[in-house]
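Look for chain A in each of the two complexes below; its partner is chain B in the first and chain C in the second.
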Partner chain A sequence: MTERVGRAWLLLGPALAVLAALFALPAILLFAVSFWEVRSFRLSPALSLAAWAGIWRDYAGLAAYTVGIGLAVSALTTMLGLAFALAVRFAVRQGDRLMIAVLITLFGGYLVKIYAWKSILGADGLLNQALIALGLTGAPLQALIYSRGAVIVALVHFLLPFAILPLYAGLRNVSDTAIEAARDLGASRAAILWRVVLPQVRGGLFAAIAFTFLLAAGDYVTPMLLGGPGGTMLGQFVLLEFSTNFDWPAGAALSYALLGSCLAVLAVLAAVVFGAGRQP
Partner chain B sequence: MTAADRAGLSAMADRAGLSAGADRAGLSAGADGAGLSAGADGAGLSAGADGAGLSAGAAAAVAPLLRLDGVSKSYGTMTAVAPVDLSVAAGEFCAILGPSGCGKSTLLRIVAGLVAPSTGRIRIAGEDVTQLGAERRPTNMVFQSYGLFPHMTVAQNVGFGLSLRRLPPAEISARVAEALALVQLDGFGARMIDRLSGGQQQRVALARALILRPKVLLLDEPLSALDLKLRHQMQEEIRRIHAETGGTFLFVTHDQGEAFALASRVVVMNGGRIEQQGTPEEVYRRPATRFVAGFVGEASYLSGRRSGGVVALGAGPRFAAPGPDAGVTAMIRPERLRIAPGGLPARVADVQFLGPTTLVLARLPGGEVLRAALGDPQPGLSAGDEVRLAWDPSDVWVLDD
Partner chain C sequence: MIGRLLIALFLLFLLGPILLVVLFSFGSSALIGFPTGPLTLDWYRALWNDSGFWVSLRASLVVALATAVIATLTGTLAALGLRRLGAGTARLLTGGLALPVLMPPLVVAIAIVVLVVRGLGLPLGVPVVVLAHVLVTQPFVILILLARLERFDPAAMEAARDLGATEWQAFTRVMLPQIAGALVGAGLIAAAISLDDFIIASFTLGGGNTLSTFTWGKMRTTLDPSINAIATVLIVLTLSLSAVALRLARYRG
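And then the complex of A and B:
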């Protein structure tokens, strides 16, 4: 028994040590910093709520907007991913090859995808050239890039594999016989989806929603490069507070505020996903 | 040759059942197999070509509840089911029996509407359902791997079909309770599926299919996942449920014992075709083909030749058995053989004690092997001994080669 426990710790130990040293410890430190003070560019330990009060005053609206963008991206990505995963699981013969293709797109760098969208949506980008060539517009549309829409499109593109993979993993566990049985008992396609398939992939569905929501709401590079003035998100201001403003307490408080709101939203989403359709 | 002709012929053959005096081996004419095998040759037997059996008259008297006409299924160049005609009467318990890959499950799935046939028509209670999907057919299926919904309770599984039909909850729960009582699972409604044993899951699958009162209940090897003892218990359960509900059951199995125990009619399939259909006794005692003879049980096969209506076996015995002049094989089931002073001499090759019977393998001087399942204990009998094996004239069945 003790030998087994020892072996388990041996296996867990290295990863736990890395996580503790490089994630847990800095996270705790960061939380502490949010109560510190900055005086004449010097960070000093304190027990002050000034940073928290300040970010509530300055950033409440932007936080709501950021969570909103996260939800929109998550909803879009999860729906597209669900459609894709359903097709791969039930409608396509060589589904596994498609899944390998999905995995490969994950290897393409994150920044590469953003710059790809820059060259597609830019003033002399592919899309504008195509629109002009087709005679649909005389001058390039400036609003394509540096907008909320550009941020959402790029994030959906980047996050799609994060939705597809857990959904597909969940769908693989749904037995074909159960689906045939539902059909045999009179279930329409819609009834099979809502009452037999989706309830069995609640875990994968929540993972897809959570991944895409957290990564979208926490992103700051995409809005920085594609968002323009109208598409800024909270993450950019975390960066701003830490760098330009040298206000570490504000940056730390802002990080935790964003984290807290995201977890609260996830708790609600979890209640919806795991509670919906359950009969007493 | 019509069914009536064949009936006449076999009756004639029975009347001709006389001891072949000379050898005094107690051999006699079996019924004529020629007619039956000719009928089974083509695209399978239709209801009318049921053979001379007792079920033929009964099945023909009422319009069949389920009727397949020329139903086939091919995948590319591979033929899973050759054109098949099959009729099942209301209230009948019909088993489709065959080895794996013979097309029996595909045929059942075609009846269910889960597989579209390549050709042919399916009618249920006179209505052509060929174009209807599984969700709109008056059939329900018990699947081999059950296909229960793991995220639902027993009651939700059983009530699934009714809740799709938007019945009032009170009626659903009443009918669920009734269905659970029928399969002896009262009080299990609130359990989750993974808390049930295999046998209990089997019962849930049965209740879930029966609750919709299907015109035809389809069972696809439902007992194959159960251990032997449980399987026998469930066989009795299914017989009882068939009797209690008065439903029409179509049952697919590769286990001849199961088919015989459950069904009033057995349809033997091989290579996508129906080889024979009849009562279990007909199929067992008067198989239409060598395949059927071998698939539904063990037997001894003795080759011979028929000329002028008299069969002469290579092993010696001669007896009358009408039919064309040709090479024939005489089949005798092991339990019909007995040790008797006037029998054919043979040398014991092996003795196996099987419990209820003792199996004796004995080699005839010509090299052919007789398999005898002897009911009485055989103390002292061992390999190398000489025995004399005899059989009743009516226990020989002649198959044309």
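And then the complex of A and C:
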């Protein structure tokens, strides 16, 4: 090993140590725990498939529903994000400056955003006040909050910057020359978008779809606060098994079921995004 | 024209809900809604006199500062290391280091709790929160630093070495001043993510509160209007840190 490469690994040491100690090792232990047993509230190492059988029995439907919500949110967010990124890239001049306004909300306000939707959609929330004031409804609509729709709206709002960022980064690298050439050759706007622009932002498109899907499907705080009994998602039951039921094997198996189903869906999405439209 | 209208609508959707919370934190009406009543600082006064708020703010700031310092260190060293490796190896390692950010924070947090409590038999608390936050913030430091180092001219370092500087001198006198903005920016982003994090902190803290878990407690249990004020404090802290950071790091995607 050359000195240069040896030095590189030395520099990477601390970060990789953190990754190994706080991510790889815990992940392995969590997987092992999913085969352990709980007897009278005591967790003991074993090689049991009880937890896996149990979650297959109890949670298969909920897993499918959670993946469905994740996909719906991801599709909506990615389409909206693409529309915004296209507008910023092609309709205004100071695009980079506008992006700061989007970026600024990326790292802050997770709880505050969910709380804001609670106060907008609640029974005595802003939307109901507005509807009553406009005479559109007599009594507050109870169904605005504690519903699937509320969860989807709040998740789309929270995740939009995560979709816009990679899409805009991809669009910045699309050259104007290729677009002008296509236009000169008589391509319609739709054709330019579909055949010239989108194929060049495949990476950004997949990043947007993947980020938003993973974060939506893995979230439990939004459904807990806005979902009500009809809008529960898998993450809430991971929490339930770990804390309330003290059934760590079930919680561990459920965590891996959540991860597994998300990764399976992502593999399919990757095949679609990177396979579609590729000329033979 | 349509493009501009679209952008305006999007910004309203993105920022509107946050601005509403800020607005109502100054309204005297206990309910969220219009009219807000006369403007008042009552909810901030209530917060000022709430010892729980100060304890949680202190914990949050300690965690955010420690996270920022450690993650900037581990992340910067990693970025410098990655630059010395082949492109394939570097991409693989960057992906591996970014993995914790892509996993549901709930699962990351639970796995850490299982290791600390069951695997090691150690207590939860602030040090565990800090380490967990380093895990999920160092990828951002690495990405910001890699983007900055991309634009750094290695010839400057070689020139310094040719003129007799040691490697350490070349690093501290030539490279460090140039990447200082990105370093501070990356640290502030790490602090913002740490302050904002609720899920990981709520599992790994054990007892007590950070600002996020304190806010969550109010969100779940009470209809206390001072929650608008806490939410505003939280959002102003994280957003202003991000704003300064983005300016310093000049990070674009």
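Please note the rule applied: the second predicted complex is superposed on the first by the 277 of 280 C-alpha atoms of A that agree within 3 Å, B and C clash if a C-alpha of one lies under 4 Å from a C-alpha of the other, contacts with A are read in each partner's own complex, and residues count from 1 in each chain.
Note that in this section a contact is a pair of C-beta atoms (placed from the backbone, for glycine too) under 8 Å apart; a residue touches a chain by one contact, two chains touch by 3 or more.
The structure presented is a predicted model; accordingly, all values stated were derived computationally and were not measured.
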Superpose on chain A as described above, then tell me if chain B and chain C fit or clash.
-> fit
Quick one: classify A:A178 as touching chain B (first), chain C (second), both or neither.
-> first
First (chain B), second (chain C), both or neither touched by A:Y146 = neither
So, A:I104: does it touch chain B (first), chain C (second), both, or neither?
-> second
In the overlay, answer first, second, both or neither for which of chain B and chain C A:F237 touches.
-> neither
Is A:G186 in contact with chain B, with chain C, with both, or with neither (first, second, both, neither)?
-> first
In the three-chain superposition, say which chain, chain B or chain C, touches more residues of chain A.
-> C
How far apart, in whole Å, are the nearest Cα atoms of chain B and chain C in the superposition?
-> 18
After superposition on chain A, the chain A residues reached by both chain B and chain C are none
What residues on chain C touch chain A, complex-wise?
-> 2-4, 6-7, 10-11, 13-15, 17-18, 20-21, 24, 31-34, 73-75, 77-78, 80-85, 93, 96-97, 99-100, 102-108, 110-112, 114-115, 118-119, 131-132, 134-135, 138, 142, 189, 192-193, 195-199, 212, 215-216, 219-220, 227, 231, 234-235, 237-239, 241-243, 246, 252-253
Chain B-facing residues of chain A, complex | 175, 177-188, 191, 195-196, 199-200, 279
List of chain A residues in touch with chain C within their complex = 4-5, 7-16, 18-19, 21-23, 25-27, 29-30, 33, 43, 80, 83-84, 87-88, 90-92, 96, 98-113, 115-120, 122, 124-126, 129, 157, 160-161, 165-166, 168-169, 172, 210-211, 214-215, 217-221, 225, 235, 238-239, 242, 248, 251-252, 255, 258-259
Okay, in this complex, where on chain B does chain A touch?
-> 112-114, 133-136, 139-141, 143-151, 156, 160-161, 164-165, 205, 208-209, 212
